[in-house]
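Here the structure comes first, spelled out in C-alpha cells, and everything after it is commentary.
Chain naming follows the written order as A, B, C and D, and within any one chain the residues start at number 1.
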Amino acid sequence: MAVTEQFLELAANGVVYSSIIVLCSIGLSLIYSISGFANFAHGDTMTVGAYATLVAFGAIGGIGFSVLSLPLGFFLAVVIGIAITAVVALVTERIVYKPLQIGSLGLLITSIGIAFIYRALIQVGFSAGTYRYELEALRPIDALVQYGIRVTEHDVAIVISTIVLVVGLHILLQHTDLGRKMRATADNPDLARASGIRTRNVELWTWTIGAGLAGAGGAFLGLFNQLVPRMGFNELLIIFAAVILGGIGSVYGAMLGGFLIGMIVEMTPILSTVGIPIGSEYGAAIAFVIMVLVLLVRPEGIAGQAVGGEGG
Amino acid sequence: MTKAEQAVAGIVAAVAIALLLAMLGGVLSPTYFLFLFGLGGMYALMSLGLNAQWGFTGLINFSVAAFFGLGAYGAAIMTASNSPLAGGFNPIFGLALALALAAVVAVAIGIPTLRLRADYLAIATLGLAEVIRMVILNEGDYTAGSQGLRGIPSFFEGWPILSAFPETMPGLEIEIIPGQAVVLGTSFWRQLLNVSLMLAFLGTAFFVLRRAHRAPWGRVLRTIRSDEDLAKALGKNTYWYKMQAFVLGSLIMALAGVFYAHLNLFVNPGDLDPITTFYVWVAVMLGGAGSNRGALLGGFVVVAIREGPRFVGDVPVFALDPGPLRLLLIGLLIVLVMRFRPQGVLPPQRELIWPTAIDDDNRTTPKMGVREAKTDGEMQGSTDVSTEQSGGGDSDE
Amino acid sequence: MSLLSSQVEVIPMSESGSDIEMQENSPVQSGTGRTGANLDKDDVVLSVTDLEKSFGALVATDQATFDVERGTITGLIGPNGAGKSTLFNLISGFYQPDAGSVTLNGNDITGTVPYKIVNNGLIRTFQTPRKLEGMTVREAMLVGPQNQPGESFHKLFTSPSTVAESERQNLAAVERILEEFEIDHLATQPATDISGGQMKLVELARAMLADPDILLLDEPVAGVNPTLANKLKDQIRRLNEQGTTFLLIEHDMNFIMSLADPIIVLDQGSVLTEGTPDEVRSDDRVADAYLGGGGG
Amino acid sequence: MSETVIEIDGVDSGYGEVQVLFDLSMQLQRDEILCLIGPNGAGKSTVLKTVFGMLSPWTGSITYHGDEIGGMAPEDIVREGIGFVPQTDNVFGSLTIDENLRMGGVARNDDLKPVLSELYDRFPLLEEKRTEKARHLSGGQRQILALARALVMEPDVLLIDEPSAGLAPNTADEVFADVQKVNDMGAAIMMVEQNAVKGLDISDRGCVLDQGTVRFENDADALLDNDEVTELYLGG
C-alpha cells in the first residue's frame, strides 16, 4: 500500500517536472536542428525566462480573475517572460553566434561563455538569493490527497500549460507554413533555399520558439520550485540526457525523452522504498547513466536518425 | 619573438615588478603572494592537463573540476584526520589513490564517448562532473559529505628534514623601506614548501607534455585534432590515442587536486564547483590551444581573474559581488577569445619535431607561426586548379 | 566511333572482342559471374569479392569483384556515381560492407578498422587533400611512417635515444623523398600554405613513407595543373618500378590511360570490364556507360 | 524567332579559392532543352549552381530576360521564375510528398490548390503517396518528386542536375520523358546529364564542357555524331 501511494505521489510529481523538462528539451533540440551545435546556454536561457517572468509579474501584479489559483496577471507575466527570453536569445544569436566562423565545437564552447554571462547578469541584478513569485502558497488539492497524490493547483496549471504549448507547437510544425518551413530547413537547408524559403528568417523563428519554450520552462520551474541564478544550469544535464535519449535534433524525440527522463528523475525515491539503496539525490546521476548507456548502445537516440557517429 | 610574445613578456615582467614592489612596500604579504603563486601553479597544472586533451587532441572535457576533485579527495581520504575510510596514511598513498581514481574514471567515460562525435564527449563530461560532485556530497560514509575532510597534513609530513622545515627555519625580518618591515615566519616557509611541491608537479607535467608534444606521439594527436580520418588512413589507432590523451590529461588534473588538498589542508564538495572547469578552459583558450607555455600563462591569468574581483569589490565604483563578477569575466573572456583570437595569445610557433633529431640551424620558426596561417593556400596560383571540388565529384562521395 | 553509332551498334558489339576474352578469363570463383574483371592473375595483392553496400535505397556497390595484381598500376574508372569512392572507402575500412569480402596479401580484412588495414600494407589517399593545420610540410610528412617508436608514449621516456634515432631516420627519409618529388623547398612551409597540387604531391610522398604494398589514390590529379600532373605521373611510375602496387581512381582519362594497365571499369556499383587502356577505350560498353545509350 | 532567356557571359566561378569555370559563355533559348555534357570535373554542375545563385560568379554576367541575376540569392532567383532540381538530396526526406510540394510553392502568394492538383494529375504516382514521407520513395520516385517540387512555381526556366543519376535505365527513361513533358508545357530547360546519349536525345541543343569552358556547342543531333566528344570522355 505504502509503495503504491508513494508511487502515485512521485508519478504525479514526475508529470509536473517532466512537463518542464519537455519544454526545455524541445527548445534545445530545435536549436540544435537548425544551428547544428549543442547550446550549453540553454539552461541559463530558462533562468532568464524565470526572472523575466518574476519582473513582469511584479510589474503587472495579480490582476484579473484566477485560473487554478493563478491570476490572469501571472499568465500575462509568463507570456512577457517568454517574449523577453526570445528577444534575449535572438540578440545573442545575432551579435554573438552568427558572426563566428569557428564550426560547431567553437559555437558550443562560446555558448558556455554566454551561459555565464546570462547568469552573472542575473546574479548582479537579483543577488544570489532565492525568490518566489508573489503568489500564496497552496495546499495540495484535497480531492487527490486521498489517493496519495499531493499536487497543487499550480502544478496542474504547469501541466496544462505545457500541454497547450506542446500541442500548439505540434500544430505549428505540422499544419502551418512556418512549421513546414522549419522542418524543411532543418532537413535540408540548401534545398530549402532552392525552394525559395528565406532560411535566415526560419532560423530566427526557430531560435525564437526554442528560446521561448525554454523561457516558459524556466517560468514554470520557478513556480514548481523557486528562483535561483543557477536554476537553469542545474537542469542542463537532465535536459541533455533527455535530448540525447530522444535523439538530438528531433523535436518529437525530445518530447518523449524529456517525459521519460523527467519521470525517472522524480521517481528515483521509489528505488530505496523497494530496497535498492539509491537515494533521491541521485536522480540526475541516473539520468546521466541513462544518457551514457544511450550513447553506448544507440547514439542516434530513440527517434533520431544517425547523426554521424564515426564508427570504429 | 612574435609581437604577441613580446607583449606577453612585457606584461609578465611588469606584473612581476609590481608584485615585488607591493611586497617590499608591505602591501602584499610574501606569504599570501606565495599562496597566490601556488594557486596559479595549480591552475597552470590543470591547464596543462586540458591542453593535452583539447589543445593537442581536440577532446572537449567539461569535467576538469571533477578530476581535480577526484585528486583532492583521493589525497584527502588517505590522509585526513576525519577521513571515514583510511585517514592518516602517508600522503604518497593519497597521491597514488588520486591518480588511480582519475585514471579509472577517465577510461570509464572515454569508452562510450571517444568513439562518437566530439560534442557528445562535451555533454557526457559535463554530466560526469555533476555526478562525481553529487557522489562526493552525498556519500558521507566515505567522503564525510558536506562537512568536508579536514586535518589533511602537509604533503611532506613524515618526510625527513622537510616535514620539520618550516619550524626549523628562523624567522626573518627584512626592512628595505624604513618602517615597512617584511616578516618571513613559519607560515612563509610552509608556503615556500608548498610552492616547491607545486613547482615539482608543474615541472614534471610540463617536461612530460613538452616531450610528448614534440614527439611522434604528439604529432599523431595533432593529426587527430586536425583531421581524424586522415590519421586513420595513415594507420593510427585514433581511438587508442584519444584515450591516452584523455587519461593523461585527467591524471594531470588530479595531480593539481592532490596539490590543492595539501595546500588548503581541507577539502569539501564545493571545491568541485564547475566554475573551476571553466577557469581552466579560459586559461587554455587564452594561452592558445596546443601551447604548453600558453597554458602556464593562462593558469596565472586565471588566478588574477579569480582573486582580482576580491580587491575590485572593495572599490565602491565596482561594488559588485566577486562571485558574479568572476562569472561575467569568464563568460566575456570565452566569448571574446572565440570571436577575436580563437588561436589564443601564445599559439605554438615552433615546428614540433623531436629536439635531438634535428640540428638547430635546420630548425625554423616560421615568422607568421604555422597556426596563424590562414588557408590562403592559393597564393601559388589559381591556375593550378581546374576541377570541381564538390560539384562534379562522384555522387556517392 | 561516334556517340550515335555506338548507340546503334550496341547490341552486336557487346558480344564481341574484349567480351569474349573476359569470359575466358572469368573463372567460376566469381560469386555471381557478373563481374567483367580478370580474375586470372598470378600474384594478387588485393582481392575484392562480391562486395555490396547500400545507402538507404541507393545501391552504391553491387557485387563488386576484382583482383589487383602485385606490381601493377591498376586504374579504376567509371562514370559519375559508379561507386568508385564508395569502393575505396569499403576497401580501406572507412565503410562497413553489407556483404562480400576484401582480401589483402592473403588476409581477410573485410570490415576491419582502417589502422589494421594499413598495418596489412594498404594506404589510401583522399580525393580532396587533407590539410594539417598547425604543421609544417615536413611535420605533416612525418605522420606517414608506420610503427614509429616515438608513437608509443612510454618509449618517449624509457628509450628516448631510440625515439631520437628513428625520428632522425624518418626526417632523413622525409627530406630524401621531398627531394625526389622536387618539393624540398616546401619542407618548412606551413602545410596549410601550399597549393592543392603541391598538397597532392605531399600526400603521395607521405603515403610512400608508410612503405605500403599497395597504394590507393583517389583522383591524384584532381585540381592539379598539367605540369604538376605530369610530375605526379612520373613519380607514380618511378615508385611503381620500385615495387609499389597502385590502384587509382581518376577522372582525367588521358592521365589514367597513359599510366595505368590494366584498367577496371566500374558501372552502377559493379565491374563492367577490365582490360588494357586500348581495349577499354575501344570497348563500346564502356563508351555506353560513360555516354549513355546502352541498356535501356 | 528564338528569344534568349538566360545569357551567361564570360563567367568565372568556383568553390572557395578553387576556380572551376573559366570565361564561360552560353545562352538558353526560350522553349528549348539545352543539355550540358562533358567529362567528370568539367564544371557542368557548377554552371547550374552559379546561375542559381548557390555560387556567385567571380567575374562576368548572368542575365535573365536581360536583367542581371548573377550573385542573387537562390531564394530570390526562385521568385524570378527559375527553378532548380539538384542531383542529390533533392527532396525533404522527413516531409511528406504533399509537404514537399508545398515547400516548392512557398514563394507563391496565391492559392496552391490548383497547381498542386494539376501536378497530382500529371504525376499520379505522387498523388498515390501524398501522405508518405519522401525518404521512403525509390530513387526514380524521388527524382519525379524533385521535379514536381520545382514545378510548383511554374517556372520559366528549370535547371536540372543529372536527372538520371543512380537510376536504373528504365526509370531514367521515365524521368527523361517527364522532363520532356515539362518542356512541352513551356519551360526552358538547362540540364546537366552524364548520360550524354540519352540527355541529348531529348534535347534541342547541347553544350560540351571541358575544363570549365564550352568546347563545342551545337544541335543535339550533330553532337551525337561528333567523334571528338567521345574522345573527350575517354581520352584520345
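By definition in this document, a residue touches a chain if its C-beta (ideal position, glycine included) is under 8 Å from a C-beta of that chain, and two chains touch if they have at least 3 such contacts.
Here the structure is a predicted model, which means the values were calculated and not measured.
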Co-neighbours of subunit C and subunit A - touch as defined | B, D
In terms of mean CA position, the chain most removed from subunit A is C
Higher number of C-beta pairs in contact (B-C or A-D) found for B-C
For subunit A and subunit D, what's the span in angstrom between their mean Cα positions?
-> 43
With chain centres defined as C-alpha means, what is the inter-centre distance between subunit C and subunit D in Å?
-> 32
When the C-alpha atoms of subunit B and subunit D are each averaged to a single point, how far apart are the two points in Å?
-> 55
Would you mind listing the residues of subunit C that make contact with two or more other chains?
-> 58, 80-81, 113, 196, 222-223, 251
Which positions in subunit B touch two or more other chains at once?
-> 376-378, 385-387, 389, 392-393, 395
Mind pulling the subunit D residues that touch 2 or more other chains?
-> 18, 40-41, 162, 165-166
Using the touch rule from the top, collect the residues of subunit C that touch subunit D in their complex.
-> 1-4, 6-7, 56-58, 79-81, 196, 222-223, 251-258, 277, 280-281, 286-288, 290-296
Which bits of subunit A are touching subunit B when the two form their complex?
-> 37-38, 40, 96, 99-100, 102, 104-106, 108-110, 112-121, 123-124, 127-128, 229, 236-237, 240-241, 244, 279, 281-282, 284-285, 287-288, 291-292, 295-296, 299, 307-312
Could you pull out which subunit A residues touch subunit D in their complex?
-> 177, 180-181, 183-184, 187-188, 190-199
Residues of subunit D that touch subunit C when the two form their complex = 18, 39-41, 135, 137-139, 162, 164-166, 169-170, 172-173, 193-200, 223-227, 229-230, 233-236
For subunit D, which residues are in contact with subunit A within the complex?
-> 52, 54, 73-75, 78-79, 84, 86, 89-95, 99, 102-104, 106-107, 149, 153
